[in-house]
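Look for subunit A in each of the two complexes below; its partner is subunit B in the first and subunit C in the second.
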Partner chain A sequence: MVVVSKAESEPTALKDRLLESERSFRESGYYDGISDLRSRKSDPLKYESLHTKLRSVVVSAREMARRISASPGVREVGEMVVALYTPEGDAISLSTGIMVHVHTASRFIKWMIRNGYEASPGIRPGDVFANNDAFIGTVQVPDVIDVVPIFHEEELVGWVGAVCHELEVGGVTLGGDVALAQERFAEGLFVCAEKVGENDELRRDYQIRCERNLRMPIYWILDEKAKVSACIEVREQVKALIDQIGLDYYKRATKEFIEEGRRAQLARVRQLMVPGRYRGHTFYGHVVEGKQGVLPMGNRNFLYAIPFELQVSGDGRPHLDFDGTGSWGYHSMNCTPAGMDGGLFVTLTQHMNFDGKVNDGVWLATDMNLPEGTWTNPDHHTAATATSWALLLPAFGCFQRLLSRGFLARGYKEEVFVGQVNSPMIEMGGQSQYGGIFGMALFECAAAGSGALGIKDGLDTAYVGWNPESDMGNIEIWELGMPMVYLGRSITPNSGGYGRFRGGNSFTSLWLVHRTPQLIIATSEHSSRVFDNAGMCGGYPAPTVQLHYAAHDVQLEEMIDQRKPLPHSLGIDPTITDMESLVMGRVREVEGPYLAEPLEEGDLFAHSYNGGGGYGDPIERDPASVARDVENGYVTPDTAESVYATLLNHEEGVWSVDAEATGERREAIRKARLGKAVPVRRWLEHERERVARKNLVDEVREMYRDSMRMSPRFADEFREFWNLAEDFEF
Partner chain B sequence: MSAEGHDLREVKLYPFAMMRYTGQLEDVEVPAPTFRLESDEGLDRLVAEFDRIYEAINRSVSHYREAGHTITELGMIARVEKVKPKLTRRSLEGEIPPEEARKGKRKMYYGRAWVEAELWEMDSLRPGNRISGPAIVEHPATTLVIPAGDLVWVDEWTILHYEHGS
Partner chain C sequence: MATYDEGVIRDLIDGQLPWPTTKAIMSRYKDDGRFGTYLSILQDRVSWSERILLPLGEHIYIVQGENGRTVKCDCGYEFGDYRENWKLNSLVHVRDTREDIEEIYPGRQACDPDWMEIREFICPGCGTLLEAEAAPPGFPIVFDFLPDLETFYREWLRQPLPEEP
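Then we have the complex of A and B:
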């Protein structure tokens, strides 16, 4: 007989609880085996009051933390979230902000428990643990998570977690989303589920590591302090609440919140969706071949296919399947299961579960197939994930459209949302305007255009998938952090996908590089050559941002002396930008990620963000809305005529609809469409010839070859659909 | 303050500094220990006071003295007991305001319609005066809009009373 002493048995107590909780869910189907919401039933007011208090505690802790941070990303844009967890690491309540991370932090806590952290390095009151390893639990290297345990007397009764998106991570390219990382080793500073603090203080040696390995340590370190302050604040308030209501009630009620969240999610799916199989497809183009700094392993252009299947069961459980998507690669756009959880969570919380108990119950009511070896689940932890949003957002934008099809089928037209798209990130660094080195992500991309809704236009410059609190931040604050000043930040005309309800428009910024001999810019997360998101029901896809403009040898002072007009945006002429037509110097046009020669004082740089996809046929758009869009600069006059088939009169700055001419134009377009149409069967025969002869551009051929190699099911379906030989392959 | 009738000997001055750890985006208001920072010791005391207040607001872990401190603003709070207003009771005069209060008429857009409103000067109204809407009563610091049906009257303390019509 083996006698286990108390001292020996204790270090695995938490692990046993985690395994027990998972077992009881597996066997009973209820979270932690909770089949009866008895706290809710017996005293609903006490129960709801606790939930509201916990939520207000995490929300106010986040606001406190934002005042500590030095990062405009956190202070201005709100790239932060605070959440409360059970001892096993399941989210109970979360603040506003980047809700993406609720389950990523959950994975991080569970990972520590599973890997024996109770024994070594030990989990004690006052400890602080940090992680930004996506294979343990986060989305990408800049998403640094801190967690602290909550002890009540001797017992660990929960965790508080906080996440900030860092603006600089010390990677091979400057900033947070390290565009040129091809492997983990170039992604910057990793903290792999480490104990970074004790006794409610961050260890000085950890801070020294940050100070010596980052270009702007002030962002990371003060964000760490902000997060840990928030966690301690929540911990202390939760302890005070437990003293009031009793530990047994706290433990029971918080678990019921999660079980209730799970049931609410299932009920919402049953209410809004039609059970069955939904299929969609989206693509992502990455044009980097031959660009400056691209290492040999990834020196080619990538085209990703993201086929997406959603099975909704009769009891309201969605099963997401990424079978058929491409393999992970030597680029920074790979994603881990934790990152995919993030995409799922933020989509569901915004799209479906926004008014209920938003917690890990939502996650328990869903599941995903992430085939090993694909970009959704690399089979090697050295794969880089620094810009995983590049593929993640198109994937979950497609998910939103599939959900919306369900909503539409059930008649919930007002819930229909065309979905999210990528909004490109600008990362930069070099010499700052103050003389030192710097690195920063310019997070104004957090306010792009949303997809259209089933009943109205999308939001203009006010949406991004990963942070429902969308905010572009004040220009003046961004200018404090980078050696560029704004010449303009303006609505980009035609950037909302055309439709009966158009996608939300985005904006373009144009900067003058200021007081620096070297500014290196690296952009990421924008699809090239293919749309990364579609429209719905006849709406056009969200336009993708393809081109960057940089002007060198501008001689701006001379232009100002001569009182010549300066460029403030790219203008509305589709054939030439204001940057080219107004500027005297050399203008460089870069397709896809801007990976080019550094800029210097006096240069100009323009960058555009993405709008959302449209809903419905644009020639069904209310002509008065088109006139209003033209008047306000959302749509150009030529697009009003060519796409919206709306003929306008323009007198003294006022645009009015020529109703008769518009009606005639729309009728003519309908007839022309019929004239151009061919039966699908004939079109398919024509296309089949191309496929059978493999007459596809290199990137497309490679994309299908990869998908067929990764998934026998995809390969079989592909051959069957195109009626190809059994041994057909690319 | 003396122009407002305060005895300057009664005014108390409190110097403060707006401070942050260098690189932060938010200030903390720190009462300064002295009016003039003339020594390292004085500066040290100010910095120590910042650290104390900052940690009280944000919890101890959030300090980052290694980054250095920045003073973004110096300021001073002048504090004195407010002069209490003295209300004078006056005898009521007629309901119709004096001629000097009358400023003519102007158009007023109210309730989705344009109406002709009487225009009055608030400071010239007398106790007992009554003004029926539509009217606008102007004052250097405010504008009182009285739609048709509502009534404003001035009591014996020169306080304006607003009554909604039925």
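Then we have the complex of A and C:
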């Protein structure tokens, strides 16, 4: 029996129970030493019924709680998750939503147990604990986790956790993902595994701290109330279930769910994949040098290499290895092991373990090497993680491609997925349209384009990795919360990576700044100069190098009076935007995070989201699909011809395929490729000279220097590949 | 456990199956016999006789040939032993200038050639684009997949794996 709130010398203390559970797993290989799923065997209906009820409880609690929140991020876009845990903090059942946090909350609970919270501050019925410290257990400051213990009489029998992504956290830049944070001290309001409520009430002193340290406390505080309500709802329903089925059965069956989840994950790998070594990579460019607000220690441009190796062993256990990636830095894109766990968990739950017992058993069936000192595992807890998705999401998009290589080999092409992409965030604040100060994350980014599948195009404007319920939210709702009105929200042509099956397209929004003398915008999670995704099997990466455009002195009213066309998107001409060609004022193009002078009433601003990578050779794409894409604005006529080798006729507004000319063009391209391409070994000889002479731009040289310093294996393989001297270094 | 006719799997892997049927297949338990059906379909489509052991991509396979286990394209082109990276024996067109990149990523869609190049790996036999890599100049060519065929066939499939010559 697990007893808490008693003397530390109590032999059955929670901490001892946690250590015992971990020892059992280590020694037996079974979760909590459970080798026999006897509840499942003896009465499968009772067992499955309990699992279904627990899942139903967490899903309905989340739906209820979303109605309490004031945040459009939670209400509209569903940035919330609710989960049920064992006393040791292992997830049993989870709701839909931002499942990333199911395991990060697990880390938070275990952290409290390990740090003696039973003795001080004590764990009692009605307590509420909160955390948004990524080094304890979350991804980034806006991901605030609440947990409450579940007591049955005097025994702690579990925990309920709920997470909302906050739209404003009081950081150095406004909104939730604090782009300019270069250290922890600029990231906003931290709650470090604190007891924030007692007797099912949030403490008044905690609420005062929130009210005084946030630009929009209404979002945070009502989200807190939503989370506490969800937790209480689950807690009471679980207690009622325990009363029906008995405590011993509940404890045994819920642990069996996790062990079954672990076994199911291993079995799924053996069913869908092939053992062996999978490799891939992705890259991310962060261009901030000289921008306003950047402190000296981070005042340079960064190029991150993210090489990724996946070993699938004979027992079906995947081992993920980030060896060779770069060091953490004075920027906001670092990630903690908790965040990396979150990336792994959300990927596996969507991509492999999408039925059956989805819980922490999934996590127990994998392992990861996160080299200390890299951005995946900073060796200093002052490192900022405010925009860790910037590197985390491309990394786990690569993981999806590696898994997909296995699915492809086994013939399960319907599961092949070219992967998730970053969906650039807009954070903003300043003076609201109502006259007060405000801060907000514009969460329409929760609907990017997905990577292609092995059998069909990716989803257009309908997917992000971090929230499988992807939804961009209604324009009218966002307009209520920010001093900008939409002039347009439209599909971005050619934004899906090219391929036989193209990546999903993304969209671009263009706004008129409205009723404010000061609107400060800070963007993040968009790579500069390099694509942070890839294609597969001949598909190309999506063009994810996004630029921002802002127009000042626009004189919109004059344009309207003169009945001139207004910009509603960036347009289809890739060499000049509609903002530049249609607007009379001064247009500014910004590369990298938008960290520029504030905007004001009458200005225009445009922001683009990312599409996903493509699958297969683009000249194998069904010509009729190309025509349909052109018809609907997903692909431009120029790209239809230059990339897809599809020749179209356009008569009376209808696009049709010239089949004969298309066939001839495709054959000509195959021949032209053979004439233009060179043997790889010849290219390598030529390229080796460039590498040996280090004839690379500063940022690329620095990327290699950093990766070679962090990883002797990367350094050895680099030297071996290019046949360089043993002491070669950058 | 689900089972499907070979015709259904053929249409599925070609992306020709209507979406509601595809969705239903995705939502059901997987058909454990898929690998055998898949290999049979692929083997019927190639003109050469070597046995396909494992598909590696859309057009390339590890096959059991007279010279051992090699990587082979639909068209018959052989890339060599599967334990070496087949890309090293392919053709490559590298887009490492602004002009070349803008042929496919025009204007504001382009990456910076000083930071990233696009490497198109092309089959020397048929001109098919087999893989496209996007990487900074100097980044070693990635070896996508080295399967453990012995464990896969003998322990996972519980099928014999032909001995290497």
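Assume the second predicted complex is superposed on the first by the 718 of 730 C-alpha atoms of A that agree within 3 Å, B and C clash if a C-alpha of one lies under 4 Å from a C-alpha of the other, contacts with A are read in each partner's own complex, and residues count from 1 in each chain.
Basically, contacts are C-beta pairs under 8 Å (C-beta built on N, C-alpha and C of every residue); 3 or more make two chains touch, one makes a residue touch a chain.
In this text the structure is predicted, and so the values were computed from the model without any measurement.
Bringing the complexes onto one copy of subunit A puts subunit B beside subunit C with no clash. When the two structures are aligned on the shared chain, A:691 is found in touch with subunit C, with no touch to subunit B. By the document's definition of touching, of the two partners only subunit C reaches A:285; subunit B does not.
Touch criterion not met for A:119: it reaches neither subunit B nor subunit C.
Legend: residue contacts after superposition of the two complexes on their common chain; A:202 is shown touching subunit B, with no touch to subunit C. Put subunit B and subunit C next to each other and count what each touches on subunit A; the higher total goes to C.
In the superposed pair of complexes, A:717 makes contact with subunit C only, with no contact to subunit B.
In the superposition on chain A, A:225 contacts subunit B only, with no contact to subunit C.
In the superposed model, A:654 lies in contact with neither subunit B nor subunit C. Minimum C-alpha separation, subunit B to subunit C, in the superposed model: 18 Å.
By the touch criterion stated above, subunit A contacts subunit C in their complex at residues 270-272, 274-281, 283, 285, 303, 305, 307, 314, 355, 405, 408-415, 454-456, 494, 498, 500-501, 529-531, 534-541, 543, 545, 547, 570, 573-577, 616-620, 638-639, 642-643, 669-671, 673-674, 676-681, 683-684, 687, 690-691, 696-697, 699-700, 703-704, 717-718, 721-722.
Across the complex, subunit C meets subunit A through its residues 9, 12-15, 17, 19, 22, 25-26, 29-30, 32, 34-35, 37-39, 54-58, 87-94, 103-112, 114-116, 118, 120-122, 124, 126-149, 151-152, 155-156.
Within the complex, the subunit A residues that touch subunit B are 64, 67-72, 75-76, 197, 200-202, 207, 211, 218, 221-222, 225-226, 228-229, 232-233, 477.
The part of subunit B that touches subunit A in the complex is made up of residues 21-26, 57-64, 66-67.
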